[in-house]
Amino acid sequence: MKKQIHDFQIIANRRVNEEYFVLSLSGNRQLPEIKPGQFVQVRVDNAPNTFLRRPFSVYDVDYKKNILYLLIQIVGEGTRILSELKKGEILNLIYPLGNSFSLPDGEKALLIGGGVGVAPLMLLGRWLKEQKKEPVFLFGFRNYGLLVDIDLFTGFGKVHIATDDGSTGEKGLVTQHSFLRKVTGDISMVYTCGPDVMMKAVALWAEKKDIPCEASLENTMACGFGACLCCAQETVHGILHVCTDGPVFNTKELIWQI
Amino acid sequence: MADISVHIGDLHLKNPVAAASGCFGYGTEYEDFIDLGKLGAIFVKGITGSKREGNPSPRMVETSSGMLNSVGLQNKGIDYFISDIYPEIQHYNTHIIVNVSGSTIEEYVMVAEKLNDLEKIPAIELNISCPNVKEGGMMFGTHCPSAIEVTTAVRKVYHKTLIVKLSPNVTSISEFARAVEGAGADAVSLINTLLGMAIDAETQEPVLATVTGGLSGPAIKPVALRMVWEVYNSVKIPVIGIGGIMNATDAIEFMLAGATAVQIGTANFIDPRVTVKVINGIEDYLVKKDITDVNDLVGALKIPGQL
Amino acid sequence: MADISVHIGDLHLKNPVAAASGCFGYGTEYEDFIDLGKLGAIFVKGITGSKREGNPSPRMVETSSGMLNSVGLQNKGIDYFISDIYPEIQHYNTHIIVNVSGSTIEEYVMVAEKLNDLEKIPAIELNISCPNVKEGGMMFGTHCPSAIEVTTAVRKVYHKTLIVKLSPNVTSISEFARAVEGAGADAVSLINTLLGMAIDAETQEPVLATVTGGLSGPAIKPVALRMVWEVYNSVKIPVIGIGGIMNATDAIEFMLAGATAVQIGTANFIDPRVTVKVINGIEDYLVKKDITDVNDLVGALKIPGQL
Amino acid sequence: MKKQIHDFQIIANRRVNEEYFVLSLSGNRQLPEIKPGQFVQVRVDNAPNTFLRRPFSVYDVDYKKNILYLLIQIVGEGTRILSELKKGEILNLIYPLGNSFSLPDGEKALLIGGGVGVAPLMLLGRWLKEQKKEPVFLFGFRNYGLLVDIDLFTGFGKVHIATDDGSTGEKGLVTQHSFLRKVTGDISMVYTCGPDVMMKAVALWAEKKDIPCEASLENTMACGFGACLCCAQETVHGILHVCTDGPVFNTKELIWQI
């Protein structure tokens, strides 16, 4: 898919919770096909300290309405400024970037997300369902207040939840969730996105269960389209780049940085 | 319309705007965004004698109006370039200039020699100023006798246009410019990145895995402009200006300071179409100022009180 | 509460935060905004043997995340300082450190000698790195034998704490640090401004009347941090970190890189209360990190993989 | 007067014409006395390229309502961003800075302004009238569309206008205005603010007529309060600084830069 650079209009900025918001972006031309796992590079204007673009996974796409959704957590100046943008304001995007998740062999797939790492799993869930697969979600959040659009995810498959404080779902880490203990042979693929430690634990679990596992990684990115070689990821094939060879990697190929 | 073509030694560029090495891949990465044939030249990324993995992650951190990188010359080596990359890019309707790096003089010479034979590579840029490799690299660019030695050695074997890229991490960059001019360089390009560092006060660790890295972007523009002006006033060979160029006005400032051509690096990451925009902007400026030849800008800086 | 006092040689500072020379006048300019007694020290503006008018206007231009200045050591000379300024500022409840400049070694020596006798001036900072004067200034800071010579000469006549301020416009700043350490300096401060230039593409003239000027502000922070870290690893005397500090986090980064104290320059223009905010921010950081002595930060940078 | 640094709330941003706007700023404490000719240093937030503060003359002060007014011309990024600020937004100011215009010996004073240079002449006009003096204004603008608040100035004294294109008032430069030819002995002081060339011509005219003349100068400023020594102005007393020794100078003391 040809990479594009365009202005989008913000048609909604929905605050999901204290830390997260969803930007609904509408372009003035038909969106190209965007695959689950792909990301965009957003230029943050009017910001003294955000010189480079900011990468965000595509949360969801509505081709009929021609809307692209981003789920964003406020962590620094760039995301704070984005969180304050109003309907009608313009955002410049480079997209679609990166590779994408692959189709599972079997029917059932487990999508494990932590915090804002649930972002790429929405579009992935939608796609899996369209492909007549059966996604099951397992999400970890710090607490009830940080839950994200569970009703929407439920539209694609069952959602299991763990919270650090047990304020909803099971108490504890997502990787300690009882659902994982009950998994039998019917899960043909695990997808994961979230904090590194979580993804590593998920990858280990999947390896033990002998289920293929794909993880969506982050890295510091200057360009996002393969030109700067800044987003280095060690793999069994040598150093690859998260923005072009990823962000989705088969976890067996990864040499994780500690 | 104004004539915007320039010469770097024997090399004719259709316009003075080139993409900087390490910031433009092999050009292919930008084909979705712009017509590469519009560029004056593409300086492809640093190539070494054999394959290099580059440095560990993190390799990049944003700083005020700039970024630090410690990529460290990741590339698959000259032979892979010749066998696998060159065939894919030789059709470009612009000059491909290869940025050559090495740890030893022999490595520079070997790579240069091999590039001699590639018909569609009319020039090389000797990178004696990479701050991100342990051996060689910037050492050649911060020690004048070494700069002379590597330039002389490459000049002996390389018969096309030889550009030497200078390091700003020196007391007197014009001393190096004069030295490599004397050693046979057809042009100098400057500046490479300034050696810098970033620290994470939370973790109390350096942000980059290599501790230090190279600073690029608008933060360094004032230093780059000053060095271009100094070098322009010290050598007779053409100067290629680099450092923090974000738009046509910046590029014009470099030309006024003495640059015959410019390279754009970091700005491509933020706007992959910036090179073409700068070309258009220079044309607009010439029309507005009623200048018919872009070469009239080169070193045209007027110092009040001087004639 | 954490102990935030530090020592620069024999000099005891109540906290590691000082105002940088040339950016804080004689302190009086900030009395409306902050309690000067809260500062670790004030480095007052560069003083020379006799009165200097400084450079013509324009002397300043904003750049990306920074500014260029070409003030050029405008001051009324050491005798005026002693007779008219010193009496007005000697009551400050903080250390006043005088930044000493000159065109000749004799001038440096003469000024230092006269300052010896001022009871409330416990230290001087030899400015061998001013890029904005035609003679002397940066020459001493970019030519190692001259740096040694001027430091040695001043050391002979000056008996209190002698700080030498280093220029970043050199190939190896640690070479200079070691040299002045050997010549008797009690501490080094770095960095002074990077030599830069700005051009107005409209008028095709330099923006500054002096063509070049000194670059300061956050743009130079990565370079300054790197140099502080290099120098910290090369000398035994304390290092005072300067360059682009805008807030407490920046100051802490400098301390982690090896600075025993820091100076804040340009940031004072944007927020005249910034020094006090940085002091408070360092205290908050120490509490948060459960560190009881600010000196534990100095050079505490952890390099992963190194013990 | 002690210099202060405070946040002000924008209570109005009035567009005067295509290029000029007036910010009405309200602090949450009583304004100190601000003298005509003094200026403020404004921090422009959320601007990638405006690192330093921007200096603006005080246009007017309403002590009763505790409002400070700035008249600003859009010339670059900083002023553009200020022009887009909305009611309720916050602006950080350092003030009051600089010296001020002095009282004329006689009754009648002539205030000559060009373009946005009329800014300090509003507060000056108000003050002169309060001091029972008789200000007369002579203003030059490029054209009718760029006129500024003439009705308000008229409240303090008669206003004469010249425009470059003659679209209102007399056609030509302000220094060619017929009013100047008619001036007899009754003008005891000339004040001027505007482009350098205009102020020089005014100073020359005043010198010929032997009327004292004060000009409000600009310069590139890093601090605005005497700390950086960047705003150098050559005078017969040596180099002085516009932010502390000025911005108002007796034109006889100036050595103008050409």
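Order as written gives the chain letters A, B, C and D; numbering starts at 1 within each chain.
Convention: contacts are C-beta pairs under 8 Å (C-beta built on N, C-alpha and C of every residue); 3 or more make two chains touch, one makes a residue touch a chain.
No experiment lies behind these values; they were computed from the predicted model shown.
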Provide the C-alpha centroid distance between chain A and chain C, rounded to the nearest whole angstrom. 47
Could you work out how far the Cα centre of chain A sits from that of chain D, in whole Å? 55
Could you grab the centroid distance between chain B and chain C? Build each centroid from C-alpha atoms only and quote it in angstrom. 33
Taking the mean of the C-alpha atoms as each chain's centre, how many Å separate chain C from chain D? 36
Contacts with two or more other chains, residues of chain C listed in rising order: 63-66, 217-218
Where does chain A touch two or more other chains at once, residue-wise? 48, 51
Taking chains as nodes and touches as edges, what kind of graph is this: line, ring, star, complete or other? ring
How do the chains pair up in terms of touching? List each pair. A-B, A-D, B-C, C-D
Given the complex, residues on chain A that touch chain B span 2-5, 43, 48-53, 94, 219-234, 238-239, 257
Chain D residues touching chain A - in the complex, by the definition given at the top: 45-48, 51, 81
What residues on chain C touch chain B, complex-wise? 63-66, 68, 142, 169-172, 194-199, 201, 203-206, 209, 211-212, 215, 217-223, 225-226, 229, 244, 249, 252-253, 256-257, 285, 300-304
Considering only the defined contacts, which chain C positions touch chain D in the complex? 22-25, 29-30, 32-33, 45, 53-67, 69, 71, 74, 217-218, 266, 268-273
